[in-house]
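Okay, so chain A shows up in both of these, paired with chain B first and chain C after.
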Partner chain A sequence: MLFQQIVINALIRASELGLLAIGLTVTYDILKFANFAHVEFACIGAFLAYTMNVTLGMNIILAGLVAILVVGVLSIFIDRLVFIRLRGASSIALMVTSLGLGIALRNGVRAIWGARIKGYAIGLQNPVELIGVRITPVQIFIILTSVISMVIIHLILKRTKLGKAMRATSANPALAQACGIHTERIVRWVWFMGASLAALGGIMIGLDTHLTPRMGFSVMIPVFAISILGGLGNPYGAMVGALILGLTENIGLYTDLGKILTLNGLIGNLTGLYIPTGYKLAISFIIMIVVLLWRPSGIMGKRER
Partner chain B sequence: MVLLEIKSIYSGYGDMEILHGVSMELHHDEIVTIIGPNASGKSTLLKTIMGYLIPTKGKIRFNGADVTHLRPDEKARVGIGYVPQLENVFPPLTVTESLDMGAYTMPRHGLKERIEEIFDLFPVLRVKRKEKASALSGGQRQMLAMAQALMTGPNLLLLDEPSAGLAPNTRIDVFKKIQEIHHMGSAIIIVEQDAYQSLRISNRCYILVMGQKEHEAPADRILEDERIKKAYLGG
Partner chain C sequence: MKQTNFFGLVLFFASLVIISLFVASGAIQAKEPVKIGAIIPITGTSEVEGQDMSRGLQIALDEINTAGGVLGRSLEVIVEDTETRPKSGLDAVHKLIDINKVPVILGGYFSSVSLPTGNYSNSQGVVQLTWSTSPALRKVGPFFFGICGTDELMAANTVKFAIEDARAKRFGIIVDNSAYGLGVLEFSKREIKKAGGEIVAEVKYEREKADYRPELQRVFAQKPEVVVGTLIGKDARTIFKQAYELGLKPQSGWYLSWISLATAPSIPETVEGVKGLIGRLKGKAANRFNEMYQEKYGAPPQTVWGHYIYDAVWLTALAINFANSPEPKAIKDALFKVAPVYRGVSGGGDKTFNADGMQKYEVYQRMVCKNGKLVIYQK
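Moving on, here comes the complex of A and B:
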């Protein structure tokens, strides 16, 4: 496969997973626990958009926007229902709760929408060729949406009062209160933002591939790998982490290991030795293990605390 | 005119009661220092005034209104500023961003002018405006912490050990700043271990022992009282 094609494929994968990882990392930063239910917001978002797009005949962009808003509000509801009772609890207790919540949400999706594979009503996507690379219009849309979303997140965090209050609350919640910041309100905004990003990521995955109730669960490992790689709590790290994971996965899958092992035919004749796509997840695991061993705070992990 | 009135408050952490019926008051134009041995409840008193701890009994009135059960962010909105002893800045935020957060409850217009006014009071922060709080020295951090709390021009400023851990020269600077802040119209309560400098700029002093008010007197009289100096000021 052409190198440009590998880069584009990596970019598409990074765009989808990056949105989820930024959402995860932003919520981790404030709530101080790894929310295993986070990826299920992606699944719920994707299915809600499906209902509005396919069942109700709504335009996919409008359907997506409504789904994103609904998932954002749903996450606040879940926080008020479940996590507010666990403020101050250990991160293990919160993690286990989120694991249970994730199972409940996943099976809730299955109960409502069924287990069959579904897709959006966006018609057949014919790839176009750009600089020797084949890419569908939807994939271009995914990359652009992701880049725009990341720029918006950056502007929110750095330029707005809300974003600065989020960063202040994350760094020192007690002092943030002394500044007049209603930190519970900030927590609600963080849930909304994180879950909305997950929903957007889920819709992007649905547009690129298809929808199943396990679509969130199946990307949990790569999303966590990206967040850990970038440094949990650092949205910019998640952006870089997504790119690295996307590239590593695609280079890993499309590299002829036979040529490497034989030093390109120097010490024998072995070609066509590829990692089967079924082992794609193993690449995320390897990245996660290596980062945890080598630099547990991630490549852009926070050091100033 | 009384700004803050504390009536017989009982407060602490969960089941552990630290303050047992403490009463005190503060006038609009006063600096009051609270001294006492370790674990006498000085910081607990400030945390209770600020709303981090809710008293189990007693009342806190501020500007004539009952504020006993207000949250810290609500206390900030009614005009109480608080500078904790430790962790009193936002490490990842720049100096300007921190001041912006200090002004969280203020309308956005006029913010730049207010930041410039604060920079006039703390010139060292103007030089460091783009630096992260984590990159500042101990003294600069203390200045930033006070500057942040001053952004809204609070009627009352609570300072928990403002000179702790600072070099002697920096301590002098900090107390000079506290006097300047007082002249700008904020009443101040200072909790200090090393209380000499604090008492020199204060009007009155309360002595807390084992969570109870042991003594109350004008600051200058405390500085002259050999018995108190020996017992609470290290001789």
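Moving on, here comes the complex of A and C:
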């Protein structure tokens, strides 16, 4: 297989997971806890889009946009219902609450939509061949959507009042409030943005593969690995982390370690030495551990003194 | 005197009431169905196979109860969902044994579910009949029975199919990382080496993942002539879809153990020409089952697993009647006696058990997927 194909495969994976990881990391930056329920917003978004696309016959793009908005609003509702009562609680308490909430949401999806696999009404995608790389129109759409979303997030964070207020609230909530920033409103915006990004990521995964109630849970570990790798609280780090994870998963399994160890046959003859595929997840974890040992705050996180 | 008569009358009516109550309770008891349990993957990775199992079970139950049931009572099956997971399977078996007190449990399906559930049912002296195929099941215990040939037979026959059909020398192997998949891997490797073939790639994939492209890249990196192994349920659907999108296809084709596990849930275009084996379903009994299935559900069975559970229900009913008792120990002993005379609809029909309770014979059928349907392969 061509190297460029492996890079494209990694890019597709990074596009899907990156959106979820950015949402998680943005939420962490303001709310200061690891939200385990975050990946379930991906699942809810994917299933809402399914209902509108397949059951109601809506165009998939329109269905996706509506689903993203609904999930964003739902996340604010959940914050009002659950997390507002826990403002100031320890991050452990919040984390455990989010874990329970995640289980409830996952089973809620199962109760509403059932456990059977589902797919959007887009049919089987025939790949096109570009510079020796095979890619389907949906996969091109996934990569483009992800890039556009990341640019929008960058512009929101850097060029808008909301972005400045978010950064101020993240740095010092009390000072931000003293300066006239309505921090509760910022918290609501953060919930909306984080959950919407998760929903978008979920829809992208659904477009590329299929939908099941466990689709959010099944990406929880890679999404957390990406966020920690990039530096929790740093959306740019999440983008880089997603790329690293996508590349390591794809290149790691494909690389003949025998050739590397023998410098491609210069110092001996050892070929066919591959990492067992059962350890695919371990590749990301090993890299994450190495990065954390070298830089505990993640690749793009702030250095701790 | 009058007083004596009055008391006598009261005593007479009281005894009448008591006797009638006893008779009534006896009559109710006589009509009480014999209840057994079944653990089926109604949801999860293998929900397509689970649907066939539910339907095969219902067909057998209808037949048995129309023919008079067991011990003069109707037969009832309490069905629990394993969600295709060991933990949920074990919860289901605990419920069936501890609460419902069933003497027999049918199912398990995946070896990773059948092993823990079988260990528990065996420890409680409850009979379990499974159609899982790991050779490790042989060690579960005397109350545990397998009605489907184990992996060493299937894996060896699949490799043989690839060698005879494609004259394959360079093999890629892909299996799911479970007790079943690892069994297929081990026996496939043994058979390939025995035949003098070369294994150029060996891949174990984890269940329920969204992305299998790295695994596919690995399988196809060394350009195998054929790919053998086992792909299951919705993971098979993802794997075939991604292989199709990447344009990855073995030079001489896929040869899969229990091919219907892979093709039933997959998108038809992505599995066109995939070959493999299933338990043989030819014969009068199997044809009759297929007709009944078609008539009842308006479509043919998608997999072979409805056939296996059908045989499991019938074997249980025959064993209960033969033992003249719904007690697990009596049923266990009777199963060895009724199996050799029963002609079933799955795996060639002969359901005779070895001394360890596993299937003695299994006949496989070579199949190929054409236009989304499995048809008998003819070269």
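The working rule: the second predicted complex is superposed on the first by the 278 of 305 C-alpha atoms of A that agree within 3 Å, B and C clash if a C-alpha of one lies under 4 Å from a C-alpha of the other, contacts with A are read in each partner's own complex, and residues count from 1 in each chain.
Heads up, the rule we're going with is that a contact is a pair of C-beta atoms (placed from the backbone, for glycine too) under 8 Å apart; a residue touches a chain by one contact, two chains touch by 3 or more.
Being a predicted model, the structure only gives us computed values, none of them experimental.
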{"item": "Which superposed partner A:Ala165 touches (first chain B, second chain C, both, neither)", "value": "first"}
{"item": "Touching partner for A:Gly180 - first (chain B), second (chain C), both, neither", "value": "first"}
{"item": "Partner chain in contact with A:Thr277 - chain B first, chain C second, else both or neither", "value": "second"}
{"item": "Partner with the higher number of touched chain A residues, chain C or chain B", "value": "C"}
{"item": "Which of chain B and chain C A:Leu253 touches, first, second, both or neither", "value": "second"}
{"item": "Complex interface listing, chain C residues touching chain A", "value": "42-44, 47, 83, 177, 203-206, 208-211, 213-215, 217-218, 220-221, 234, 237-238, 241, 244-248, 265, 267, 269-270"}
{"item": "Of chain A, residues touching chain C in the complex", "value": "1, 5-6, 9, 12-13, 16, 114-117, 124-125, 127, 134-136, 139, 205, 208-210, 212, 214-215, 218-219, 249-250, 252-254, 274, 276-278, 280-281"}
{"item": "Touching residues (chain side chain B, partner chain A) in the complex", "value": "50-52, 71-73, 76-77, 81-82, 84, 87-93, 97-98, 100-102, 104-105, 108, 132, 134, 148-149, 152"}
{"item": "Partner chain B, residues of chain A touching it in the complex", "value": "161, 164-165, 167-168, 171-172, 174-183, 302, 304-305"}
